[in-house]
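Okay, so chain A shows up in both of these, paired with chain B first and chain C after.
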Partner chain A sequence: MVKYEPPLEKYSVNIREAIVGEGEKAIKIGGENTFPFHFFEGSLPNPPGLALEILDIQPENWAQWVLEPFQDVTFDPVRWAEKCVEVFGAEILCLRLLSTDPMGRDTSPREAARITKKLADSIDVPLIVWGTGTEEKDSQVLIEVARVCSGKNLLLGPVLKGNYGQIAKAALEYGHALVAQASMDVNLTKELNIALCKFFPAERIVIDTTASALGYGLEYTFSIIESIKQFALMDRDTMMQMPILADFGGDCWRTKEAKESKEQGIFWEAITGLTFLLAGANLLILRHPDALRLIKEMIS
Partner chain B sequence: MILIGEDLNVMSKEISRAMKERDPEPIRRCVVEQTRNGMDYLDLNVGPVAKDPGETMEWLVKTVQEFTDLPLCLDTTNPVAMESGLKVCKKKALINSASGATESKETMLPLVPKYSAGVVLSVINDAGLPSDADERASSILDSAAFANELGIPNEDIWIDPVLLPVGVDQRQVVAYLEFIQMIPDLAPGAKSICGLSNLSYGAPRELRGLLNHTFLVMTGRYGQHSAIVNGFDKELIRINRGEMPEIVNLVYRAMDEDDMDIFSLTQKELEYVKTTQVLKGKTLYSHSWLEV
Partner chain C sequence: MALKGAEIIKRLPKTNCKECGYPTCFAFAMKLATGGAKLEDCPYLPPEVRAELEAAMAPPIKLVTIGTGDNALVIGEEEVMFRHEKSFFHETGIAILISDKESESDIEERIKGIKELHLERIGQKLKINLLALFFESGEKAKFEALVKKAHETTNFALILISEDTDVLFSGASLCADRKPLVYPITKENVSSAIPKLKELGTPAGVKGESIEEIVSLTSNLKDTGVEEIVLDPGSKNIREAVRDQTLIRRAALKKGFRPLGYPTISFPCFMYHDRFKEALAAATLTTKYAGIVVVSQVDKHFLSPLLVHRFNIYSDPRRPMTVEEKVYEISNPNEYSPILITTNYALDFFIVSGAIEEANIPAYLCIKDTGGIGVMAAWTSGKFNGEAIADFFKKYGVGDKVKHRKLIIPGVAKKLKGELEEELPDWEIIFGPLEASDIPRFLSEEWKQ
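Take a look at the complex of A and B:
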């Protein structure tokens, strides 16, 4: 009898390893030379990063289940952040500067940077800082955040085709990493990375394809993340070898399924997140602490 | 390769105005220049023509024929405009186009034997655009059989595999290259045609030519019969005339993935090599494909 040998693939390149934060609690993402969870084929030195999100304003229209864990702290982003770390064990956080939305409260870059600095100083875990996706305003806000939080190695995003230049210069000068976002398009993802890499170090870039929730377009996100990993590992495309972030908590909790029951909502978010990890995401931004806990259990 | 000039096109503001106002002068300039540049056919794209379709096409065909002896490719989805144009064509015309979609098959294809014309037959069918080479093959087998039954010989069928912009779906470009090699087996004697400029739609303007030229060489190697092209693109025309054999040779080598000493290449040669790698699907496309 011939003994069956399962075929194994070897890839000669690695996904770049990106570091967020500084000091002991800094986290590394990426670095793998194989597909997600293919421990039998290659090495995946860093577990996926699992971030919890915090808003700089009181959440509006959140389902009661996802508001519950934070009810006592939503009035203060700093206390909210501390609770995420101390009570829910988050190893990385994402601060969304929703107040800066020019169509909303339109908080000044200075004020946004002040809050960010205060929050970053009060925690010892790495911090992602997220704008509103408004190119011009994000540019002002993230540049000011970069300056005020100099040396903290924040992960700033989203950086878009229309505003990457200024933000990347600030990130370079003040020592931060970036999330380059191109919506659901591998060609534009590559385009933006090429543009950034002309003056910004590739190992400080994280890719965001934009993500959708289970039942609401998840399969498109899955395919895009999967193809980026294939281009990176199989075609050895250096402009696609950055770790990938998936940000979908908001979309999950907007679904009617998530709003129907607590259990269903938590599963909705956890399953969406797990699915993106299977596609190849290296960093997830989550909303519910139980979704974080579930994913952690599943992958440990 | 047979080149069909695409510049008499309703998408051009000047031509569109000239068609509406029946002003022959801009038409003359465009026709004379494309003829002088060595086009083999001229494409007359009048669009769907909502108003006076028959009259417009008839006027245009007659006007164009005053300034050139080239055969014409009538480009409209409007069967009334098509038939009026065919009636006044002096030379064997090319109907652009029919597809495997039921309505198109039934309205356009009967005009082919009636006017002893040729026809561009695309792989599109009722299900839309096939997603790969095999689906293209099965679609064209059906449509060609339908055409044959109407008395249209394969020699009058110009198969259009449908070329999508490389920036929209690179896999479709690769599928195109695969499919075009299958044509002689699928429909012996049939010709092939593509709308070449569509390949580079959306790409940076100054780089569109490079994509188009490279693809012309690649498809030419696989036996492509004809292409609808920018009739003012001098380099494309020179390549097609065989005046740039070193570039053709280089593209062939890049297609074969020959080992090349990248550092011995000129800037322009390197651009052709990188572009070939993109078009054969070896490198993921981005608008800055030359910069990496």
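Take a look at the complex of A and C:
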């Protein structure tokens, strides 16, 4: 009989390890030298980061099921954040500065930075701070946030082709990490990382490919993340070796299926998240605390 | 195809007689290697050479069929580890566990639930493939009754599960014409099972406590002529499942290791007792290579996400799903009916047209060719901007179809409104809702003409 030798594969490189936050509760993501869940042939020193999101304004049009857990705190981002940590056990949070949207309330960078600082001071877990994807305004807002929250090692994003320069300078000066976002394109991801790495440390960059929900583009995101991981590990492309973030809670809870039933909504978000972890994501931004709990229990 | 043209040519007669339809043996060998020709086209191959080539050229993962006719499940013949390298080909079969311990009415209820689950996506029916009948009662008669019921009252492909080999095969003989998968064939029962497997001609679900154990079992089965095999490495949680499934597929694809060149089966229903975790395990196994996943739940909220997930993972990354560019008439619109526009990304077409049908308001739906790219990505790349849409209006004479001048655009396309107001000055551009699912409400509240 033919003898079976387990066809193990070793990759001689590691995904970079990025740190978010400072002090005891800082979290590390990435650092693995193999594909997701491949504990049998490599090392994955850090479990994926699972963040819960908070808005700086009252949520509009949120499905009732995902509003429910936060209903008593949505009027105050600080209280909201505290609940996520104390009640739902979140180990990292994502604050979305939606109020700064120039097409919406257009809050000033100073005001946004003030809220961010207040929130960051009131919690002891690491914080991701997210703009609105508007290049110019985000640049002003995130620079101000970086300055006011100096030394907190926030993860600031999204940093785009059109605004990475100034934000990265501020992040460098005030000690923060960055999310480099290039939508759905492996080459654009790489280009942006190369541009950033000319003056910004690679180990403080997290990749965002932009993500999508189950049934609404998941297959594209899945394969983009999977190919970036493959380039990083098998082709040893140093500009693809940053840990990867996936941000999809909003897209999931906007779907017809999630609005239809609470249970189905949680399935929708949890399955989407776990699928991206299987593709190689190192950090997820989630919306429903039950989706977070389930994913955490599945991977521990 | 595991063999290269250069390997094949060595075994051909090299007479260049052209009877195969190719100018030389070499040309024939090259065509064979890429799958374009068939071995039987050369009449001069000695039978032993033909058998040898056949074996060497067989796909690294065998194709296995469970069930018969339209409801047969076909799995195997996968070619890649990552779907973006080509595509995954044969969708993971979803099986529902039914225990013979359940009461007759519960069983009927369950079967009814499965039959009634109809889900469509992008014009395709998503369906449950198999019933997994589980001998748990300890009473042979009960199991046989269950097999009969499933056989007589449904068309699903079947899996029979029993640790008791006698019960397993007496069940199998009741539905052998349906070609059920019999499970588990283990190192304990394999020798007694082989003659029965051959007699009934049913595929074998092989279970081992480890991959090594499976290897010796499949080698044994193959030697005796049982070739339709499905593997269960006995994984107990998703971490083990990813390991086992990855190693099995890798051994087959990258090492050409025949004893593992079969599709697999996995049991989320036995791995986790919480229905959420069971679903997450099933999704994990669909992503990571399982040929069949067996789950225990039948309700829609549990199964729909799994069916949609499978649909996504098994969609072909080489071909975006598109529909034809044109102005679609939904429910016989007239010159006062609303006009909406979206892209030719099949998903957009189906969700938007479905929503209009649901609204029960006849309408024109303009489908602009964007190469199968959805609203925002197509807007960014110029395929769905003001200019492109104005061209579309001209080309299809959209203005001649109606007496009004109102165009409803996707609510997400924030900057499109301004562009269109410039390009189509006589039209009033109206933002529709952000989500297609809000179109019914939107149309019935806002469309007054």
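Definition applied: the second predicted complex is superposed on the first by the 297 of 300 C-alpha atoms of A that agree within 3 Å, B and C clash if a C-alpha of one lies under 4 Å from a C-alpha of the other, contacts with A are read in each partner's own complex, and residues count from 1 in each chain.
What we mean here is this: contacts are C-beta pairs under 8 Å (C-beta built on N, C-alpha and C of every residue); 3 or more make two chains touch, one makes a residue touch a chain.
Everything numeric in this text was worked out from a predicted model, so none of it was measured.
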Touched partner set for A:216, first chain B, second chain C, both or neither: second
Partner chain(s) touched by A:246 [first = chain B, second = chain C, both, neither]: neither
Chain B versus chain C as contact partner of A:254, first or second or both or neither: second
Which of chain B and chain C A:271 touches, first, second, both or neither: second
First, second, both or neither for A:39, with chain B first and chain C second: second
Partner chain(s) touched by A:184 [first = chain B, second = chain C, both, neither]: second
Touched partner set for A:7, first chain B, second chain C, both or neither: second
Touching partner for A:297 - first (chain B), second (chain C), both, neither: second
If touched residues of chain A are counted for chain B and for chain C, the larger one: C
Residues on chain A lying within both footprints (that of chain B and that of chain C): none
Touching residues (chain side chain C, partner chain A) in the complex: 82-84, 121, 211-212, 215-216, 219, 238-239, 242-243, 246-247, 250-251, 254-255, 257-260, 276-277, 279-281, 283-284, 287-288, 300-302, 304-306, 308-309, 311-313, 315, 317, 347, 374, 377, 414, 434-437
Touching residues on chain A, where the partner in the complex is chain B: 186-188, 190-191, 194-195, 198, 231, 235, 237-240
Chain A residues within the chain C interface of the complex: 1-2, 4, 6-9, 36-40, 61, 103, 183-184, 214-219, 222-223, 226-227, 230, 254-257, 259, 261, 263-264, 266-268, 270-271, 274-275, 278, 290, 294-295, 297-299
Parts of chain B lying in touch with chain A, wherever the complex brings them together: 167, 170, 282-288, 291-292
